[in-house]
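Two complexes come next, and they have one chain in common, subunit A, joined by subunit B in the first and subunit C in the second.
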Partner chain A sequence: MSALDELQAKIAELKNELELQKSATRAARERIDKMSAEVVDSNPYSRLMALQRMGIVKEYERIREKTVAVVGIGGVGSVTADMLTRCGIGKLILFDYDKVELANMNRLFFTPDQAGLSKVEAAARTLSFINPDVRIETHNYNITTVESFDKFLNTISHGGIQPDTPVDLVLSCVDNFEARMAINTACNELGLNWFESGVSENAVSGHIQFIRPGETACFGCAPPLVVAENIDEKTLKREGVCAASLPTTMGITAGMLVQNTLKYLLNFGEVSDYLGYNAMNDFFPRMSLKPNTQCDDRHCQERQKEYQARPKVIAEECAVEDDTPLHETNEWGIELVDDSPPVAESTEASKEVATGLRLAYEAPEITTESVPTVAAAANVDLDDLFAQMKAL
Partner chain B sequence: MVDECTRKTLSNIPLLQTRAGPRDKELWVQRLKEEYQALIKYVQNNKESGSDWFRLESNKEGTRWFGKCWYMHNLLKYEFDIEFDIPVTYPTTAPEIALPELDGKTAKMYRGGKICLTDHFKPLWARNVPKFGIAHAMALGLAPWLAVEIPDLIEKGIITYKDK
Partner chain C sequence: MSALDELQAKIAELKNELELQKSATRAARERIDKMSAEVVDSNPYSRLMALQRMGIVKEYERIREKTVAVVGIGGVGSVTADMLTRCGIGKLILFDYDKVELANMNRLFFTPDQAGLSKVEAAARTLSFINPDVRIETHNYNITTVESFDKFLNTISHGGIQPDTPVDLVLSCVDNFEARMAINTACNELGLNWFESGVSENAVSGHIQFIRPGETACFGCAPPLVVAENIDEKTLKREGVCAASLPTTMGITAGMLVQNTLKYLLNFGEVSDYLGYNAMNDFFPRMSLKPNTQCDDRHCQERQKEYQARPKVIAEECAVEDDTPLHETNEWGIELVDDSPPVAESTEASKEVATGLRLAYEAPEITTESVPTVAAAANVDLDDLFAQMKAL
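This part shows the complex of A and B:
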């Protein structure tokens, strides 16, 4: 090859790279007003609208009227937001106060060049690029602090697509008990449905839990329900680390979460109340949880009373138009196990949880006996106490 | 689950009785008084037994706490700043105590320098709501954390003695 040819090849290569760079900075496509079912390569919604043609979903386009709040944009939350964006959700409200770090790169979604950016900002950029039709709102604060919690309450109770309507669903993708309890408190107060999700600290199990205040157990009704991994505590080495994580377990958990979100929002299939995933033996335990009438959360108890007072809608029979009995002939010899998930009452400390699940710890004992030592705080002045503390 | 030494420490910290968080206006003031009383007693006990190891104070609302803790190692005193917020869900959930200057220096920490607690802490706390307060979080959360992590960090040369 002559020097000239080499130079020309080099120029062509650089031109290509420049084009790629340019296309990365401009929007990939214009906004689309109406979802089309037309099957052409240029229609980003054709495969989703096919769900309607096949009779799985009645009106797929209704997804554009829906607002979902995702709290925690980490390993599960970012993938959740990505999936909802590709599904054409109407509006996403993202909450997180963390920054993207290189230590997050074993997970999906974020890329190394985003290190240092706030997670919500980095996510919003990528998501708007993937689907400019989705309205994205970001909130960069810790919802568990007193000041931020009110902003959080206000946002989820007024953040719907229609002015002054609440969001349709809150998805908890946080990694700590405090934030889960804060979401629980907010949703019990507002009577908003939400999904709790989580991945175990050893990265080999995950779960989702659908909480409908008053109707199903809230997150505070009983100790958290987790997947029993049957790993001997003594062989689990914890030295030197807080938590492990795998993109696989997080991706599967996000998948379970968004699948059930879609079923709920678009009204198809059966939404799971609790669905676990055990990566060690690929087991997916499933169950329902009734609320605890003794729940510590006053608002949970109020929602329970409201639910009891409401006339119950008799669950619609699964709309199977084909009236030949299912499984009449069983040419493969497959045996079905009872597929209705077990129901547990959290009142009885949920001792009977479904196979493969366990409570994170024993339910607290409710004792009314007087405690040995209690700080008698009757007529003390707070300023005196401040001063006493300082003087120590 | 709780060893003898911890049991002894615990028996000397007054228990609290008001179930109230920072969003409960007047009840929170009551709770805050109990918090201060328990903390004052705990610090006094520590001083008497020669194991004084921290000081804490809060803003006026009692929602933000800050102070210092120290750890003796080979007769040298290592001191660290403490800070934490009282979460809206307190006392159902314990405060997340942070030592910001150690953030990124040990894997036994979450973002912002929040200490990584043992598997025993949360169930123990949950079983004792609302009787446990900040003093208990210090005794059961931060004290054992310092005892394990600080000697290790010193040995690895990650933290060094600063003469004041």
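This part shows the complex of A and C:
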């Protein structure tokens, strides 16, 4: 029976090896029912709950009641989902219809072994492994088709962590206008707040924009030319040419997006209406854009009327502001210098911007001196606008 | 022989399962000898090489000749190493003596299954898996002990990718003063450029500082009080209290650090001397600090004399500046608005800052109005300084 013994030894050996291999991929920790502030190495939430002790956030655990939809799980969206997962968000709803490729490896999050998997599936596996407490839902389709748009609309209006509630926030991390306009249409119709984000084709600038239907300019209020003129942006792509990208710019843009998401959801600090990033000189412009009363989107116009009709005191209550001094409770009694830069507010400037854009793109040889309207009106970063037009 | 058949079937089954498990952990791609700009899904460098076509970087492949030492593989250092790896850096040298804990999971990069592993080992495995083209060297010790400091000094002065050359840059991502001072001492002695980085204990601010010995203020030129007075910072820690941290602030700080590293190594854009980040209001101060002629570090003083003695033209050549217009070669002929914010330069302000610091910390009940020197002289972010003093 030496042959049988040998085979049984072989089986024992294989079982052992299999166990070792499995240990590398099994769920790494049990679920945690309640966030604890206990300072022990085994507590994945200690450093987040410490935000309460530091006087930054009043009730950090409330993050578990929040639902965020992330549309586009690419260079910005995947890092966004990763950050929210590590922060212990209640529920994440991921939308994408693309597959992971080796060409994505110059950005954070995905790994080469995931090449060929759908982005939402690959992301969901990694995120659940990192934090099994987060509820993750995936939607593997293109939200811009008629049928899928309805599914998208239905999901964000009923997908909240409480039964039959909308999500708390939609984060757009897509790379094309059609998808941005779809999100804009849905959020205007539902009156849902969302953040638009983007990075430029040359990889050295990015931005985020907080859109509160009726209160701030929507994505359609100052449409980029390519959208305004119904040009199919696919015709702008050329064979053998691809956009540049950097993990740095993508990571910073995702960081700005999630930081402002946390400020909004957990009610601390000032949420930026628009925050840009120019990597060439580390310049970060901030501004606010009022809605365009002539906006083509009728839901935007309705939301604007509703917003105007709201009694001012209610509007103020709804505004995401926290007037309590920073670190009021810090035990050192140190006060912060108020180093807030003045925020440029472009009153009704959206029309002018759209005009400026048209001018800039119709006359590509134009110098910056010839388009003072654009530069002066809203501190617009041409690099960004250019990126918006040419985004993939 | 039915028993034998059964066993052999079992073996075949186990082998198959093992193969599947292994496929999840094996090296995901082969090494690539030469970076290619070819636009295919299987090329992990296409989006980086596209920076050349976009007119941002002249010779992106030169990144393969560069060596960067990252000291501290925590919330900032791990993401920094991840970004550099995905950018295809030639060689990374990682220093840390800590282990991964579940309490680190609220920041990017490490996964719960790595709890208990040394940070450098866990990082090296993940990074090699992501990009097998990067040469990764790990050093698992505390650089502040006398013996280890010599090893550290030797490694950064001879660890370059070319035999017997220094590294191209040292990135400090440590969380304590002793380690920062060790790096400062080493880089002053060797005349090596380095970036200091840090995040505040309350998780809502961060900064990076580019230190070029003799040319800009070194870390010892304006020492925080805790260092100036030789207080052991360990005595500042209290039982059951830990610093807060956020993946957003850490990710943005790492992004600012690596973006400026890329600008420096590949010679594009403007490298910031100091870039801060205040998450509460999305404010990003920039400034420059000149060296302190009374600096306690004698190597700093020597480097200052050397720098002063250098003929101005050479000094200018060495300065990291690129005066060519942005996107000179872009095919759309669009020029950028020069939206560079003025950079505050604090001439010989370092002594005053040190004095201001002393004042601020000696009188904790003081209001901001009483320390105009600090605020006016160098636009110093109290939050940051506070964080520097209390950093873990």
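The criterion applied here is as follows: the second predicted complex is superposed on the first by the 273 of 392 C-alpha atoms of A that agree within 3 Å, B and C clash if a C-alpha of one lies under 4 Å from a C-alpha of the other, contacts with A are read in each partner's own complex, and residues count from 1 in each chain.
In this section, a residue touches a chain if its C-beta (ideal position, glycine included) is under 8 Å from a C-beta of that chain, and two chains touch if they have at least 3 such contacts.
Please read all numbers here as calculations on a predicted model, not as lab measurements.
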Which superposed partner A:F283 touches (first subunit B, second subunit C, both, neither): second
Which of subunit B and subunit C A:I11 touches, first, second, both or neither: second
Subunit B versus subunit C as contact partner of A:F177, first or second or both or neither: first
Subunit B or subunit C, by number of subunit A residues touched: C
Touching partner for A:C242 - first (subunit B), second (subunit C), both, neither: both
Which superposed partner A:A309 touches (first subunit B, second subunit C, both, neither): neither
First, second, both or neither for A:M256, with subunit B first and subunit C second: second
Partner chain(s) touched by A:E270 [first = subunit B, second = subunit C, both, neither]: second
Overlap of subunit C and subunit B interfaces on subunit A (superposed complexes): 240-242, 360, 364-365, 375, 382, 386
Sites on subunit A touched by subunit B in the complex: 98, 142, 144-146, 149, 176-178, 181-182, 184-185, 220, 223, 233, 238, 240-242, 296, 360-362, 364-365, 371-377, 380, 382, 385-386, 388-390, 392
Subunit B to subunit A touching residues, read off their complex: 14-19, 22-23, 29-30, 32-34, 36-41, 43-44, 47, 55-57, 61, 63, 85-89, 92-93, 96, 107-111, 116, 119, 122-123, 126-129, 131
Contacting residues of subunit C [partner subunit A, same complex]: 3-4, 7-8, 10-11, 14-15, 17-18, 21-26, 28-29, 39-48, 50-51, 53-56, 79, 82-83, 86-88, 101-103, 105-108, 111-113, 115, 129-131, 201-204, 240-249, 251-252, 254-256, 258-260, 262-263, 268-270, 272, 275, 278-286, 326-327, 330, 332-341, 360, 364-368, 375, 379, 381-383, 386
